[in-house]
Amino acid sequence: MTDLKPDTETPVLEAVAATKHFAAGGATVRAVEEASVALHRGRIVALVGESGSGKTTVARLLARMYPVTGGEIRLDGSPVGRGHPDREYLRRVQLIFQDPFASLHPGKTVLHNLERPLRIHGHVRDRAEARARAAELLERVSLLPAKEFLDKLPHQLSGGQRQRVVIARALAVRPAVLLGDEPISMLDVSIRLDMLNLLTKLRDEEGLALLYITHDIASARYLCDDVQVMYAGQMVEGGPKEDVIQRPAHPYTQLLVDASPDPARDRAADGTADEDGTTLGEPPNLADPPSGCRFRPRCPHAMAVCAEAFPPRTELGGGHWAHCWLHADGSGVTTT
Amino acid sequence: ACGGPASATVPRSDTVSVLNKDTAIVRNFNPYSPSNHTGPMGRYIYEPPLWIPRLDPAKPQPWLASAFSWSRGGRELTLTLRKGVRFNDGSPLTLDDFVHSLDIPLKKPEFNTAGVTYTDVRATGPDTVVLTFDKPAYQDLYALGQLSVVSKRQLAGHDLATWNNPDPVGTGPGRIAAFTTNQVRIRLRRGYWGGDAFPTRNLKFPSASEDTAKLLLLDGDLDFASIAWPSGQTNFVDRDPAQNLYSPLPSGTIAMIAFNHTKAPWNDIHVRRALSMAIDRSAVSRTVASGQDPANLAGLAPEVYGSWLLPEYRRSQPLDVAGARRELAAGGWQIKGGNLVKDGRTHTVSMTSIADWPAYRIMSAATADQLRRHLGLNVNLQLQVGATFDSHYNSGTFDIQYRLYSSGTLYQFYNTLLDGQGMLPVGKIAASNQMRWKNADTDRLLAAMRVTDDPKLIASYAASLQKIFVEQLPVVPVLWECIWAVATRRYWTGWPTNRGIRHYFGFDAAAPEAILALKGLRRSTT
Amino acid sequence: MSSGTRRRAIAFARRLRFYVIAAWSAVTLNFLIPRLMPGDPAQAVVQQLEVKNGQNLPPQTVEAIRKLLGGVHENIAVQYWHYLGNLFTGNLGISTGNFPTRVTTLIGTALPWTMLLMGVSTVLAFLIGTGIGALCGWRPGTRTDSVLSPLSTFLAAVPYFWVALFALWLFAFRLGWFPLAGGHDPDADPSSPRYWLSVLHYGLLPALTIVFSSCGGWLLGMRNMTLTTTGEDFVLLARAKGLSNTRVLFRYAARNAMLPQLTGFALALGAIIAGSVLTETVFTYPGVGSLLKQAIDNRDYPLMQGILLFTTLAVLVANFLADSVYVLVDPRTRAQGGDAS
Amino acid sequence: MLAGSAIALLVVLAALFGDWFSVHALGQDPHTLDYLVINQPPSGHHLLGTTGSGEDVLAQTIAGARGSLVVGLVSALISTALGILFGVCAGFFGGVADTVLNFITNLFIVMPVFALTLIVAGYLNNTGTMTIALIIGVFGWAGGARSLRAQTMSLRGRDHVQAMRMLGESRTRLVFSEVLPRLYPLISAMFLHAVIGGVLAEAGLAFLGVSSPNTISWGTMIQNAQNQNAIINGLWWWFLPPGFCIAALGTATGLINFGIDEIANPRLGAARRAAQQAVKAA
Amino acid sequence: MSVLLEAQGLCVDYLGGERSVRACAEVDLTLRRGEILGIAGESGSGKSTLITALTQLQRPPAAITAGRILLHRDDADGGGTVDLTAADEKRLRALRWREMSIVLQSAMDALNPVMRLSAQFADVLREHRRGITKEAVAARTAELLGMVGIPAERSGAYPHEMSGGMRQRATIALALACDPALVVMDEPTTAVDVVMQRQIMKQILGLRRRLGFAVVFVTHDLSLLLELADRIAIMYAGRIVEIGAARAIHDAPQHPYTRGLRDSFPPLHAPLSVLHGIPGTPPDPADPPPGCAFHPRCDRRLDACDRRLPRLGPVADGRGLAACLLHEHPEEAPVS
């Protein structure tokens, strides 16, 4: 795996302190608050967090499916406009949806799905060329024999095959950035790894910049280079994956890692906490979020200062950073 | 006031049950309402000054005015008020009431629904009233048969434009006994000036659609209805010939083809004659199957206009295909591809008819079919809803129409149909001579007829007008249009039939007529 | 909590705004439609009079009648202004066909009949159709279902008046079980029990024909909804809980399947007046339908307008009530605040 | 569904080739009056008897298929087109367009459609078939538009639409190639519903005296039969066929709709098949 | 511990005329009292079908076409053995919820959206304890909700007013309302976050310890089961291909499919290596391959695999049961 230092070159795509508020029935949902994420050529960033933490919203902001409320999106270092993305932008940035079953029109063939982006972006001139290019694309996502798949309809494909078609379709525009919103969560367990391996291949061979959104820390660790953790619309921690996962700095990251199933975990050791009938409480209501650090109400280490302001970004070394008052003094203590 | 409970106890066998065609009836007896839907039973309550018999409209009869006479060359009419008449609220009919009634149409033209033409009303004696006209008005008596005489006292303080007059006061024998939206009951009072010789004092008018009325008649719930019943003979009379009666009564109305005389080829007498000759009227009559017979050449029903009708015009036009072809040839017309052609110009034949009445649908279809059969004319038959149909007629924007025509007196018959004085151009809404018939002889004869009351002169004018009508064929009479009498003899006999009609009865009958007809009924003995 | 109340208030205000604007639009449309139509009520009245009299009316009479029956010479904006003003005072004008009766009087006499007949039969049809539909959807494929469901499709497609005419002929005429026409025994005294019994007797056949032809639609709708709902997990869970079948059906399956039906029911209730034309024409029933038919036949603009207005407002009110009831029945809409529609 | 399609096909065939068939195979022109055979019961010559003016009932019934179907189809086309226009545009474009279009839709939903149709149709000059169809169509689209809007709104947010949009597909193309095709089951169900709705409305209007008098449709046939007291006079052969035809067409479209429903909502289909299994097993 | 439930030769078909689908084939299972039996398998392997059949909740067109399900009742409940497949609806209703209850995958769908939570509890309590007072119902509801950490005052809420995790816990509380001997759970944690999932798992373990009910827990997430279950059954294409103690499944999976499945979960802490999952896709249940359904994807396929259907039998070292020819003829096994 490549070991480019993130800071050494301009990110291909970047969200800088991006904020998104939705208006919903008279209330304002503060879905994402000052979130930053940078995608570099040939690197994969994983975005993990609970449901509703704003991961999808960040991806969609990056894809400019809707405009930011605050902050900005930068492509190749220059800020982009607020309106609908033009074709030029879409040629560089592509989004892959979570559900391969839903993201293909049930009545359209694989060929059609691949031909449209090729045509829209002027990569082909005629049908024959489109067909040849489409076959090439299928080969790139390892759908073999490619020719046989061209004329199939989605329902004739398995979930994994569909997701490959979806990825091939995104690749057809020749993007520099691929945003994957939980691209494997709807797939069968046994074929998820193949998908992750395919993404790795694309990164390595084509130098794509990739955002990988997931619930599943283990798969993030398997696939990506860097991990960022979101909680209730705020970025709480990030850095090289082993730093974040093996030595989590933020209490929420710790909770997340602890909660994730691990086949190797020793069951007996865990049993002590069984009787625990109390709960950690619920993630906050984003229409009326807690002040300061939004994890504060569930945090075992909550302090007075936590309610006052959102903690600043603390660099913990080696690209590892966190937003937590526990580390804000620069001590970099890991509390476990 | 509606005397409810008593009515419930009247046995059916003591009640004359007559169809009320209004399906949603309103307790509205305002005699000045321009609407056609003011309780039709008003005719048993309100009475006119004169009676214009439908069977001889040229001979007005005294009614509430016991006598009338012309003076000043037809510019003044003196009416003598009948004595001893009492309103149904017991008060006497005074000259004041009479004058007031005659005066209302003058004071308020919007209530001149009878169409009176006098310009002044004056009481000239203890029981005489003089009506003044601008011009000789011998032919204007008809309106006095349409006017209601009302009680001044009852009307006092009411705005006729908003008042429903739910409990009408009139000189007629009737009084509202019970009123519901489904039915009106009338009770005939004692002490009516015209005598007490009614077979019963109870009348009821249940409302129903014509379709339902037929079922009611079959069930014996109705004694009488004035509705057309195609194949009424087989489907009603034949079910029980002893009891059931279906009779189309002569009415003076004709079903005819009207031509737009401003347009070729209809302004060509040869074409009109050819069309008339090519129709087998008895075939058309059979199709309607409701008893309408072929009309005579003059279009004047002998029962109504018999005293004027020339004997040679009593027959009807027979089918004469050869004659029709001769006429066309004489006019220089050919029929090519179903159209009329002359001098290289092609005229398509499009006939419109009214869609509202099923019988007209059939009649016009059959008539068109006749022309197709016998002349090879392709008649493009269009049916239009009544309002559209009439508005095209009135503004003269039609080719030929299959329509019905009726009028009061013989003079009115010709005057409304053919008077060319003040003829309006096409596009303007005309109330008479909608066909735009322009004929100097006609105009001259009508003008002369208007200003005389000499029966001999009138008869000669009438003969000349008939001649013009038959020879020039401004319209082609096809069938008689009737007033229908459907009745059962279960409880009552003596209904008017086309064999022995004396007076009309039922929904469409005018006031004195209905009262007289009622007197002619007898209790059934079966 | 307060934000919830505020949201609800906002939602309510939005809904109310819709209904107000809708009512205004309906009122305006009602004003415009007859005026955009060709023809002239006075002309029709004059024509009738002339036919009746057998001669022409004097021109000044024609002119006066024209003025009396709502002069068409006024500028349309002035007419509209008068119309709105009159509406607010509850004055819908004077019927030209039944001059000089007020439109409100006419509607007032006819309305109870329509409400009675159509209201009762619509509710009955809804209850019967929905009830049987729930059973059919609950046990699809049983004999009842396999007979009733196709039958309802058929019933929904049969022209109503065709059936009604046939029923009138068969039951009222041939068998004599029911009266042929009217809304009550015309000879009975309105205060007597006999009168009220006759109202039942006269209304029964029309009501039955309505129920007969309209319950099929409710049945099918409910059947399909129940079928869909029965597949839901919460019904499975209710079964797993060991609840009795009737309880599962009524508290779980049917209760949820009912929700879409309710909207339809509100619309149907509102459409009662408009839908009564055919029934009342066939059975000569003294309701608003007959009145509307008469108005159309007579080109009675004010009456027509009045009936249209009444009908539209009835639908609006029914919808508003349905919306509000829906919020009570389906707690989910409470949170969302509900859409205007 | 098969039976439904068969009946519908039959009606369409009758509408297309009925005239030819009547004239050449039956030897009867639906417009011909036969003065000699009025109100005849079915016989070898007139298979379904004759009307009160001597027309052949069978030939009229066949000709009526065209009249009714034309009204049904044209009104359905109009109302479906309007429904799509209003529903899909409102649902897809959202925002102000949605507010306005949706308001109009809701307004039309609360308008008393049949009464309005009756009034307007009663007033227009020369109520030809097309006029009647037009009026029925113009007043009858709102219900469909409402459900199309809801469906479109849900489709607009679907991944495959968003995905194509993210590829740079234009909005028009998105509507026509991504959204509309998925609405076809709903639209076709709506359309069929509107066809029979149009046929019924035409018949109802005809019964109330508003009809195109020059064309033969099942509605005008019933009206004529009714006007001439076919039931009272026992002319069942005249009164029954047109009503049955309408009912049959309605049932046919209903059955086809069942089929479409099952395709769109597989659970219904599964339940039906399961029920059949259960019945077979029992 | 005594046996609670036995399935013998259970076959469940989705009837469809010519194209019937056998979703569960000859399933043999034994569940002991108080035991947590996990069932893992990919999507479409028949897990839900099995679980609904076990509780006699199969919906048309599913039908049990062979086999028996024996429920051994506790002496306290009257004792005796009931064959659930032969029991009529009345008999079953008496057993439902008192003997066996169920937790479904999506709590949103499993709760009646138009009834308050308390009413849904009351419904079941009233049904099974005739004559119970209103107060007793309220008290019991509060107690049950308390067990899963939901405050009693939330009992008046409608389902949509609660978060996903809360709803899911409420359905678990509901399942325990009548002290059942058996609770079957169909992916009860798939729809919730890892943190909530961990919490729910802990609660299940704790409650099981306190109340002693047995659990059949179905999921596609083997890594989760490994932490939760006592024994695990692996399903593939409608058949149970392996059953064994959780540890044994983790440490020494006997069936190639089990091994593949286990290796489909990247580790959270252990060193990373490139993993491959299982090649190919699960079979079409309407048209399963002949012989062992797994043979097209199996890397240790034998010649006979496409002809002979392996039976579930003890493996050589007695560590459970597996259905694989490798174990029927261990001598033929290629060295892996």
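In this document, chain identifiers A, B, C, D and E correspond to the written order of the chains, with residue numbering beginning at 1 in each.
The working rule: a residue touches a chain if its C-beta (ideal position, glycine included) is under 8 Å from a C-beta of that chain, and two chains touch if they have at least 3 such contacts.
The chain list, named the UniProt way, goes like this: A, E = Dipeptide/oligopeptide/nickel ABC transporter ATP-binding protein; C = Peptide ABC transporter permease; D = ABC transporter permease.
Remember, predicted model here, so these are calculated numbers, not experimental data.
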Task: Least hop count linking chain A to chain B through chains in contact - done: 2
TODO: Quick one: point me to the chain whose Cα centre is farthest from that of chain A.
DONE: B
Task: Centroid spacing, where centroids are CA-atom means, of chain B and chain D (ABC transporter permease) in whole angstrom - done: 44
Task: Between chain E and chain C, distance of the C-alpha-averaged centres to the nearest whole Å - done: 53
Open item on the list: Centroid of chain B to centroid of chain E, CA atoms only: how many Å?
Closed with: 90
Open item on the list: Need the CA-centroid distance for the pair chain B / chain C, whole Å please.
Closed with: 39
- [ ] Hunt down the residues of chain E that sit against at least two other chains at once, touch-wise.
- [x] none
- [ ] Mark out which residues of chain C touch at least two other chains, giving numbers and ranges.
- [x] 38-39, 165, 169, 173, 231, 281, 293, 299
Open item on the list: Can you pull out the residues of chain A that are in contact with at least two other chains?
Closed with: none
TODO: Would you tell me which residues of chain E are touching chain C in their complex?
DONE: 52, 55, 57, 59, 89, 92-98, 101-102, 104-106, 109-115, 123-124, 127-128, 158, 160-161, 171
Open item on the list: If we count contacts the way the header does, which residues on chain E are in touch with chain A in the complex?
Closed with: 42-43, 146-149, 163-166, 192-195, 197-199, 202-203, 205-206, 209-210, 220-224, 226-227, 246, 250, 260-262, 264-270, 272, 274-279, 281-282
Task: Residues of chain C touching chain B in the complex - done: 38-39, 43-58, 60-65, 67-69, 94-102, 105-106, 109-110, 113, 165, 168-169, 172-173, 176, 180-184, 186-192, 281, 284, 286, 290-291, 293-294, 298-299
- [ ] Spell out the part of chain C that touches chain D (ABC transporter permease) in their complex, as residue ranges.
- [x] 18, 21-22, 25-26, 29, 33-34, 37-39, 140-142, 145-146, 150, 153-154, 156-163, 165-166, 169, 173, 220, 224, 227-228, 230-231, 267, 270-271, 273-275, 277-278, 281, 292-293, 296-297, 299, 304, 307-308, 311-312, 315-316, 319, 340-341
Task: Touching residues (chain side chain C, partner chain E) in the complex - done: 231-234, 236-245, 247, 251-252, 255-256, 259, 329-332, 335
